[in-house]
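What follows is a set of notes on a single structure, which appears directly below.
Every chain is named by a letter (A, B, C and D) in the order it is written, and numbering of its residues begins at 1.
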Amino acid sequence: MPGSVASPRLRLADDNRAAMGAEAAGDAEDPRSHWFNAFGAVRRETERRAALLSAEDQVVQSMPDASPTKWHRAHVTWFFEQFLLRPHDKNYRAFDERFAYLYNSYYVSAGPRQARPRRGLITRPSADEVTEYRRHVDTAVLRLIETADNLAELAPIIEIGLHHEQQHQELLLTDILHAFSLNETHPAYDPHWQWPQPTRANRAGARSAAPLAGIHTIGHGGNGFCFDNEQPAHEVMVQPVRLASALVTNGEWLEFMAEGGYTIPRLWLSDGWGTVEAEAWQAPGYWSNVDGAWFSMTLGGLSPIDPSQPVCHISYYEADAFARWAGKHLPSEAEWEVAVQNERLADAFGIVWQWTRSAYAPYPGYQAAPGALGEYNGKFMVNQIVLRGSSFATPDGHARATYRNFFYPSARWQFTGLRLAEYQG
Amino acid sequence: MPGSVASPRLRLADDNRAAMGAEAAGDAEDPRSHWFNAFGAVRRETERRAALLSAEDQVVQSMPDASPTKWHRAHVTWFFEQFLLRPHDKNYRAFDERFAYLYNSYYVSAGPRQARPRRGLITRPSADEVTEYRRHVDTAVLRLIETADNLAELAPIIEIGLHHEQQHQELLLTDILHAFSLNETHPAYDPHWQWPQPTRANRAGARSAAPLAGIHTIGHGGNGFCFDNEQPAHEVMVQPVRLASALVTNGEWLEFMAEGGYTIPRLWLSDGWGTVEAEAWQAPGYWSNVDGAWFSMTLGGLSPIDPSQPVCHISYYEADAFARWAGKHLPSEAEWEVAVQNERLADAFGIVWQWTRSAYAPYPGYQAAPGALGEYNGKFMVNQIVLRGSSFATPDGHARATYRNFFYPSARWQFTGLRLAEYQG
Amino acid sequence: MPGSVASPRLRLADDNRAAMGAEAAGDAEDPRSHWFNAFGAVRRETERRAALLSAEDQVVQSMPDASPTKWHRAHVTWFFEQFLLRPHDKNYRAFDERFAYLYNSYYVSAGPRQARPRRGLITRPSADEVTEYRRHVDTAVLRLIETADNLAELAPIIEIGLHHEQQHQELLLTDILHAFSLNETHPAYDPHWQWPQPTRANRAGARSAAPLAGIHTIGHGGNGFCFDNEQPAHEVMVQPVRLASALVTNGEWLEFMAEGGYTIPRLWLSDGWGTVEAEAWQAPGYWSNVDGAWFSMTLGGLSPIDPSQPVCHISYYEADAFARWAGKHLPSEAEWEVAVQNERLADAFGIVWQWTRSAYAPYPGYQAAPGALGEYNGKFMVNQIVLRGSSFATPDGHARATYRNFFYPSARWQFTGLRLAEYQG
Amino acid sequence: MPGSVASPRLRLADDNRAAMGAEAAGDAEDPRSHWFNAFGAVRRETERRAALLSAEDQVVQSMPDASPTKWHRAHVTWFFEQFLLRPHDKNYRAFDERFAYLYNSYYVSAGPRQARPRRGLITRPSADEVTEYRRHVDTAVLRLIETADNLAELAPIIEIGLHHEQQHQELLLTDILHAFSLNETHPAYDPHWQWPQPTRANRAGARSAAPLAGIHTIGHGGNGFCFDNEQPAHEVMVQPVRLASALVTNGEWLEFMAEGGYTIPRLWLSDGWGTVEAEAWQAPGYWSNVDGAWFSMTLGGLSPIDPSQPVCHISYYEADAFARWAGKHLPSEAEWEVAVQNERLADAFGIVWQWTRSAYAPYPGYQAAPGALGEYNGKFMVNQIVLRGSSFATPDGHARATYRNFFYPSARWQFTGLRLAEYQG
C-alpha cells in the first residue's frame, strides 16, 4: 500500500526500527531521543552499504555523473558539518579544513570545490580517514542533539541532512554498479543480491487502473518532511486517463526489441534517436548479449534476463519510444500521483523508479528555500524529467507519493523503468 | 485584439490582401480562387524577403541550427513537391531528382538527405537555379489548384505547406542575421529596417493584468488552421497569477546587468550558469559594447540600444534568471494563453516571442498526424521550451493565441524576449 | 628534366612567357620591365583559375584547413598591401581599412584577424568587390614598380609576394575540390579537366634509380628565389638507398586494398591506425565505390579510377602503411633531393607531391626572416611532414629541387602521392 | 662519465648489485645465475617503488596518457606471461585468463584489451591480487631460468622484459605524481624525496662544449642490450655546433617568464602557441604561484622552486620557445649523442631528460622486430620528439648514450628539461 511506503518512517535494514519523521513526533519518544536514534540509524545504513566495498572500490569515479563511494560517505558528512555544526555549534572544531573543498558538491554559496569530474582522483584522504571523519562528525552531532537548547530550531537541518544522506545511499549503489559494469570481470557488489519480486499484479500483465478525471490536489500539503520541490500543494485538472497497474516487463521489452524498436526512427523523439545513434543503443543499459542470450549487469554480477521482471536501466527516450510503439503514453506526474493517492497502482514503490512525461519544473508559486540549501532542488528545474515512486535501492522511509525524482532524459544508470497510460477518447 | 491577430487571414506585405485560411471559405471567393491567391501571396512573400540578399549571402550557413537563405527557398518548395505534387499530380515531372536529397530537412520517412551542418556547402545548384525550381513548382501547383477534381482533399496539404513556408520566412531572417552578426563589417539586411514600436502600455511600465484563476480551456478547438501540437483543446486549472501587461525592456535589462545579473550564480538555473560560463555571456545576444555604449546587431546593421524598446535575443536561461532577479516568474504557456484569450495583454503579438516556463510537451491525448507530416512537431517534444505570441518577423496571418513556438533553452538567435508573472499569495 | 622545372621562370598558362626570377635578371629585360611583367602574369593566373567559379562557389569554406576562393584572391592582395604598399608607398590609400582584419591569415605581428574557421561566413565584401580590391592594389603596385627609386630594395618583397600568390593558386584548387567533394551532385570545376599523363617510366613500373651513398649537399645555395626554409645549404650523409623512378599507381594501391591494407593494424603507425578507425578510411581521399567500381572526385567531376595513373589524395599515414606493406620505405627528403639533383627520377614534378619520411624541421643553422615575414615558414616546423616535387596544380616556375612543402600526416585534400625507396643491405 | 652510466649494469636501490646486461656475461656468474639475479633485482625494484603507495593510490588513472600503479605492476608481469611463459613453458598455467584482457597495453597482435582511458576503473582484481599475480609469474619465470634447456634462446625475451619493466618503473613515478598533482591536499609520494643535486658545472652556468663537426657514427652498434629503435648504427654529418655543458635552470626559466616568455606569440611554434592558449600555460608543469612565490608539485609534495636546480616538467613547445628566446637552438639527437660519446657534457644522465629538436623517426634501414614485440617502438615513429639522457627516476643501468626516449611535443608530466645548442657561423 502506497500509504505505508510513503510513510516518513524509516524501516532500516539493520535495526528495522522507526527512526525518523513526522509520525515519530507522535511516538512515545521525546524529540531528543527521536533525532538521536534517527541520526544513528541513517548514518549506520550508509556504512552498511559501503561495507561490502574495498578501499579500492570506493575511490573510483566511472563518469562525471557518478561519484565515488568514499566521496558519497564524506560529502553527506560534510553536509552536517557545513550546515549544522559550523553555524550552530560554537565548540565544533573541523576535522580537516581541506575537506570543505574536497567534499562540497554543488553548493556555490558554500565556496569553491573539487571539480566534479575529478572526484575519482582523491586517493588521499583514504577510506579509513573518511571513516574517522564520519565518527568525528557523528560524535559532534549526537552531542549537539543531546545538549542543544534550541533543538526545535536545529531539527529541520538534521532532518534534511538525513534525507539528503538517504538520497546518496541510493546513488552509492547506482554509481558503483556503473563502475563495475565497465569492468570485464563483472564484479558483484553483493553475490547474494537478487532482483526484487514484483507483486502478482505485475505478473498478470497490464491490467489498467480505472480512469481518473477532474480536479485533484497534488503536492505535499500535510505534516511530515518533504523537499521544497514538492510544494506548494495545488489543484490540477486531470484528463480521463487510465494507468497500467503493472510495470513494463523485460518480456515486453524483448518484444519491442524484436519488432525493431531500436531501429525505427519514427518511434523516437528526435533527440532520442540522435542518442540511439550516437551511443549505438540496442537494448537497455547494462544489457549484453552472450551467445544469443541476454544478460544484465546487476549488483549481483552478470545475470540472465528474466522476462517476468520489470525492465530496468532505461532512459526517458527509451520509455517514450516504447510507449509510442505500444500505442500508449507515459503518465504525467500529476496523473501518477493522483492514481497512487487513490491506491490504484501496484509496485509504485520499491521496484524501479517510473519515468513520467513531465519535465521537471517548479510548481505554481514554488519558492526555493533561502540560503545555500535553496540550491538543493530549484536550480535543476530545466532539461530534466520527473520520475515517480522509488526503487528497491531507495532506503526505507524515503519514498512517498509526492516525491519528485528527476534525471536527464538520456540517463540509464539509475534503477529506472516505466508504467504506461492510456487516454480515454 | 488577439482575436484579429490570431485570424488565419494573411495580410501580406506586398498586396495586403486576405489570402488564406478558414474564414476565407466564407468569403466571396470560391475555394479554387482562394487557394490560388493564397499560394501566390505566400510564395511571393518568401521571394520578397530574399530579394535583398545576393547569391553569396544566400549560400552561407553560420551554425548547424541556422540554414542558408537559398536552402530555405528550396526546402519549402521541395515540401510542395514531396507532399503535394509527387503523390497527387500524375503528370508532374520533378525539376531535378537530386533536390530531394539536398532539400529535405528532417523527414526521415521521406528518404536520406544532406547532413544539416553541411547545408552551407551547396554552392551548386545556384540561387538562380533555385529560382527556376520555385517557378517550376509554382506552375505545377497553380495548375493543380485550377484543375484538380479533388481540391477539397488537397487543400489541407496546400494549407500546411503555406504555413510551413511562413515559418521559414521568419527563420530566413533570423538565420541571415546570425550570419551577418559574425561579419566584422556589420552588413545590413535592410538599411532602412527599424525596431517595431511597442504600444503605449509598454512604455508606461509593467502594469499587471488582473489575476487569473480557475478552470480554463486552452488549445485549438475551433475552425481554421492549426498545427497538431495545438490540439486537443483541454481544460487546465490556473492558479491565481497576474501577468505583466508590458514586455521587459532594454532599460530594465541594463539594470539587471548593472546589478551583476550575469555574475551571480544563485540567480541562474544550474544548466544556465554552465552556459553563461562556457559562452562567456555578459549581455543579450548580438549586443556589443563599443567605447562604453551598448549596441546590438540588427537587420538594419549595428544600432544603439534603446532603453525603451523590449529586450530581444535572450535565451530561456536569461529570461529565467531575470525573473528570479525581479522576484517574479515567467508565466506558464497556459497562463499566457488564458490571459491573451481574455484580452489582457499588450504587445502579445508582433514584437518579440515571449518565453514561457513550460517545457514543450504533448497536450493530454495528443496524436501526431499520420505519415511523414507526423514528424512535423511531435518528435521535438523534449528538451525545448515553449514561446508564445509572435515577433515583428512573423508573417501576417501566421500568429494566433494557441500557437506554440519552441526552442532549446540556450537559443538566442531568434527574436525572443519575455514578460513577467507574479503569483498571488 | 628537374633542372628546367626547378627553374624560377614562370611559364604561365595564359601567355606562356618567362616572367619572373633570377635568370630573368640576365634577360634582355631591365629589372623594371621584368617585375612589371612578372607581377601581371602571376596576378592574371590567379584570376584565370578563379574565373570558372561563380560568386557562390567562391564564398564557401568546407573545413577549417581550407579557405574560400574569394579569401585566397583577397588575402594574396592584402599581402602586397600590407608588406609592400603600406610601408613603401607614401601615397598609397588603403582600399578598405576593414580588409586588413578580414584577409590577414596568420601573421600575428600584422594585427588581429578573422578566425580561420569563419572565413566562409564573409558574404560581404562580395566577389565583385574583391575584384575591385585586386585592381586597386594592382594599379598601385605597377605604378610603384614603374616609379620607385629603390626598386632593388623592393624587389625581394614583390618576389616573395608573387611566390606566395603562386602557393595560393594551388590551394585555391585543392580547397574548391574539397568543397565540391562534399556536394552530392559532384560539380566539376572544369568539365574538360583530366589527370596529367605521367611519363613512360611510370607505366613501365617501379624501375629503381641507382643507389646513392655518401656526403651530399642539400638546400638552396645558389642564385634565384627560395623560401627561408630551404636554407642554409648544408652537407648530409646519405646511406646506400635506391629510389623508385616511378610514382606508385592506382593499380598498385588497389592491390594494397585487396590485400586488406586498410584492415591490418600492424601495417600502420599507431596514430595512423587511430585515424583509419576514427575516419573509417577504406580507400584514398575522394574515392567512392559505386556499384563495385571505384571512382574519384576530381576537378573534372566524378571520374573512374585509372589503374595506370599515379595514386593521389593519400595521407602520410597511408603512404607509410603502403611502403611497409611493400617491404620498402619512403625516402627521406635528403635522399629525394640528391636523387633529383642527379637527374635520376621520373615524374618528380608536375604530377603529384611526394610524401617523404622526414618531419618538417629547420635545417641546421636555419634563421627565420626578420619581422612579420619570419612567420612565413619557421613557426610550422613541428608535427608536419615534408613533401617534395610538385603537382599538376603547381604553377609553372614555382617548383624546384630544394622546395619543401609540408602538411600534417593526416591531410588528404592536397594532390599528394608517393614514390618508394629501398635500403641496400 | 657517460660510459659508466650507459653501462648496461643495473645498480639497484635495494641491493646495489650488478644484475643484468651484456658485461654481466663476462662476470664470474654463469648465465643462469646472471638472469636469476637480474630478474629478481628488477622485479623487486618495481615493488619497492610501489610500496609507498596505498591500494587506493594504486588504482587511479588521472588522464588517458597515465596509468595506475597497479596496472603498471600487472602489465609488466603480463609481458613475461605473454611473451615468455605462454609460448615457452609447457607447464605454465595462467594465473587468471582475464588478465590478458585487462593488462595488455597496446599489443594488437596479442588480442583485445581494456580501453586505455578506462584502466583506472579496475578496482578488482585488487592490489593484493596483483601481488599474488606477480608472485605466481615470478615463481614460474625463476623456475624456467633454472631448468630451461634453451636458456640462450629465452634470454633475449627475459632481457627485453626486464628493460620493459624498468621503463614502467619510471612511468609509475611520473603517473602517480600527475595524479597527486590534481589533489588539492598535495600528497607526497615520499616525504623525504628531494631534487637530485646537479654537478658543479651546472651551477657555474652555461659553459659550452667545444664545437662538433664532421662525420660521426650514431646508434647502437656494439654489445649489450638496446631497443630496436637505436639501430642500425650509421654515419651522420654533424654541422659545427656547440652544446651547453649545463642544463637550463629554474632561475633562467624565471627570467624567460619575467620577460613575457609565455605571452609573446613570435617566440612559439604555431602549434605550441595554440597549446599555450588552450591550456592557459604560464609556467612549467606542476608550478603554482602561492602569494607571489613559485612552488612545484614534486614526489616530496609541494616544494618551493630552487633557481639553481634544472628546470623540469616542460614540454617540447616550451623548450623550443625558450631556445628561440635565448637566441639558440635545441640540439639534434645526433649532436647530443656525439657530444656525449665524446664526454663533453655534464648532467647528461640522472637529472632530467633533455628535449632534442629531432622528430622521432626510424634510422635509415631500421627494421622492427618480428611478431608482437615489433609493436614495441616502430609504430610510434610519427608526431613525437626524441629526448635523450635520463632522469633521476630512471632505474640504474637503464640509461645509455644511444637511448631514444620520445613523447608528444605537448607532454609535461615526464621529468623533462633541456640543454641549449649554438651553431657556429
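Following the convention adopted for this analysis, a residue touches a chain if its C-beta (ideal position, glycine included) is under 8 Å from a C-beta of that chain, and two chains touch if they have at least 3 such contacts.
If you're wondering where the values come from, they're calculated on a predicted model, not measured in any experiment.
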Touching both subunit C and subunit D: give me those chains, sorted by label. none
Furthest chain, CA centroid comparison against subunit D: B
Any idea what the CA-fit rotation angle from subunit B to subunit D is, to the nearest 5 degrees? 180
Taking each chain's mean CA coordinate, subunit A and subunit C are separated, in whole Å, by 60
Roughly how many whole angstrom separate the Cα centroids of subunit B and subunit C? 47
Taking each residue of subunit A in turn, which ones touch at least two of the other chains? none
One finds touching chains in the pairs A-B, A-D, B-C, C-D
The residues of subunit D that touch subunit A in their complex are 54-60, 62, 98, 101-102, 114, 118, 120-127, 179, 182-185, 187
Could you list, by residue number, the parts of subunit D that touch subunit C in their complex? 106, 108-109, 215, 234-237, 239, 241, 265-266, 268-273, 316-317, 320, 329, 332, 357-359, 361-362, 364-365, 374-375, 379-383, 385, 409, 423
